Amino acid sequence: MRLWKKLLVGAACIALAAFAGMLSRKVEPALATTAGFGGEELHHASHSMPMTLLGQFRTNLDAYLWLKTIDYLHNGIAYRPYTTVERTKGMREHEHDIGGFAKHPCGGPTLIPPKEKDWRGVFGELERNLQPYRPGPARHSDPQELIPWYRIQTMINPLDVNAYATCAFFLTDFAKEPEKALAFLEEGIEKNPHSPVLHQAIGQLYFDKWKRYDQAIPCFQKAIAAGKEIQVRDEAQEKAFGDAYLFLARAYRERGELDAALRTAKEGMAECATNNLIRVIYRVIKKEIDENSPSNTTEPNGQQ
Amino acid sequence: MRPVLETEHLRVVFKGSSGQKKIVAVDDLSLRVNQGEVVGFIGPNGAGKTTTIKVLMGFIFPTSGKAKVLGYEAGSKMAKSRTGYLPEVALYYPFMTAEEILRLYGRLQGIGKKELSELIPRLISRAGLSGFEQLRLKNFSRGMLQRVGLAQAIMGDPDLLVLDEVTSGLDPVGRRDLRNILKDFRSRGKTVFFSSHELSEVAKLCDRVILIDEGRVIQEKSMQEILEMEGKQGSLEDYFVEVVGHKVT
Amino acid sequence: MEAAVGFKELTIGWASLLEAIRRKDIYVMLILSGIIIAVTGIFNAFDVPELRKFMMDVSLSIINVFTVIIAVLVSARQLPYELEHRTLYPMLAKPVGRFQFLMGKFVGTMGLSSAALFMFLAVASVVFVGFGTPLGGMFFQYMYLRWVSLFLICSMTLCLSLVLTHAANVTISLLLCMGASMFTRTVIIVHDSLSPWQQKLITAAYWIFPHLDLFDVSKRVIHGWLPAPSWTLAVMTLYALIYTGIFLGLGHLRFRRLPL
């Protein structure tokens, strides 16, 4: 190859690398996604079973299915988070939570821009007609359709706690089959005995659906104990940990054990400082205690 | 007499890769082959024989000069439609049988389906490949492949045969068959232009010899002239060694 | 004469097809089709109607990937094989122009890739219908656009095979085919964040790169969307043919004076 050709190829490679670098720098912050699995799950995955190739494959397939469930929920329409530039203009995703742990990013704009914002002319028009596209906020398909997906996910990767929890939520709230949800969660607990997420989910099922506070309380206690064992809790674990305190306090309150409820809420406030609902329930319980015993201003643990 | 094959001041220069100098493969080569002639094109290795033949077939393009075949520009469809060509290294689709490859070339030659079904068995027989029609070419020896190459070259009864290293890989029987084919062509007034290292074969086949070296025509002599040079050269080989003796052939 | 020209191209194409059959490439395709049945069969074993969507998703994804791989690999090896094994000398010594030879190779690669695609689709159709998923108009649009995309893929890879080494060609062609969607997504997201000259650069790149992602309408099939308007199919066909023409033209410009 002639020298000038080599130089040209070299220059083209450098230009391409620079171009790719420029794009990746722009894309990286905009597309930062939350981790599919928590620290505990990953810890278990890497320690409880050998990270064989098959194991990797199972984890990847499971993660792929998780992404697919989001795709199916939106009928194939792709959504994206707002970019940093869009955020500086005040654009924010609306919180779009269909409940449980199926929180997902469809509060942002569609990936394919609407006609008035699209600079691509005929290509944009073609894409809007050839790909799943609907302007405006996301509309979901029937979440019940996703239940089998989560079942398969847990078959492929039994350590996928979020799949267990989300599926149980869908079974309870959409399929109206709480018994099946309970059985599914118990199966999850068998595979993940140290998961605060699953203990909390079972406790909440007893609490919400059957009002069986006696059965709910030990579950929340296990969730709290499991949560405490984890040094760095991920988002889902942190939420479950906080909710366990919240609902444990509520369960005590429902049983009339206001002192225990207040003690729990107070501990919860200390452990989960960001959980405002615990703060609310603390105030409610404290008010109830004050109303029931106006002369008693001493707190349950004896502190003033 | 009408020239069938003609080059005028033909020059082919290969550009070397960076840091390497240009290679002049053919340098101011002018030759002329008339209708009905059988001309041997000989020269030492690297003399420019194959390059010249490739120019005549349109595989490479001259840096300067002209090349005409049958009165048409070398490599043109008109020229190729009346020319049979045997490449130096005969490689054919190994996944095909002899019959299939001849059918393929026949179709490309523009021969009709019915005509081909009559022609192919005849060609196979003439090339001495009877009994091997259904054998895949990957199982053929070099000599057998050369026979396939010869069969495809003479397909369609071309007016001009251009054969590069024609005797390569052929056994004595194959050479005899080849001689018979070429004699038949000559007897029918066709033109044959071939290169070969087998000088004894050249002597047996051709009317005239063009000797080239370093891309230039060194000498042109009829076989009669060579044979008449009694005392000086007893054979074509002696003549060749005398003229380009410094080269390894 | 024109008919004869077409006939010669078909003859060269037929040789490529025969090679694939004799080289047992076709059996590889059959095995791959078998994989589709196996994969989809696994999900049907759950007997859950909702999983049929996934069955379609997996099948169509496999078809997309395998079709592109086959088209690229087959197209990439045609001319280098002929040049390396010198099998094109006897062919080009016949009254066949170089453009005809290139077109013949294109016809051959298209024939082979199309055969693979339709084999995959036939298997998938049987499986879908067999498990109670009707084939709607969108599925046929998907089939058509996938087939049309093969024109672009085969011509692009053939063209690149004349300027790149085999390995480089396969890598770049696969990247262009598989990365088209990612490129589009990235460009859409970052466009507004870029400076004006960067925007011009990226817009030019967007308009120049072949948009193979637009030919994949499998998502519309999977999620049960209605067929796309017919004008989009017409535009996509035109788009594919224009690019095919450009690539074959560029390939011819390179091949017509290439010393053999």
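For clarity, chains are labelled A, B and C in written order, and residue numbers in each chain start from 1.
What we mean here is this: contacts are C-beta pairs under 8 Å (C-beta built on N, C-alpha and C of every residue); 3 or more make two chains touch, one makes a residue touch a chain.
Nothing here was measured: the structure is a model prediction, and the numbers come from that model.
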Touch-network distance, chain A to chain C, counted in steps: 1
Per-chain Cα centre nearest the global Cα centre, belonging to chain: C
Label of the chain whose CA centroid is most distant from the centroid of chain B: A
Where chain B and chain C are represented by their mean Cα positions, the distance between them in whole Å: 41
Chain A-chain B separation of Cα centroids, rounded to whole Å: 77
Residue list for chain B, restricted to those that touch at least two other chains: none
Footprint of chain C on chain A - complex, ascending: 19, 22-23, 26-27, 30-31, 68, 72, 75-76, 78, 80, 83-86, 111-113, 119-120, 122-123, 126-127, 129-132, 144-149, 151-152
In the complex, chain C residues that touch chain B: 4, 7-8, 11-12, 14-15, 18-19, 22-23, 85-87, 89-97, 257, 259-260
Parts of chain B lying in touch with chain C, wherever the complex brings them together: 14, 54, 57-61, 77-78, 80-81, 83-85, 87, 89-93, 95-96, 100, 104-105, 107-110, 136, 149, 152
Residues of chain C that touch chain A when the two form their complex: 43, 46, 48, 50-51, 53-54, 57, 145, 184-186, 188-194, 198, 201, 203, 206-207, 211, 214, 217, 219-220, 222-225, 228-229, 232, 235-236
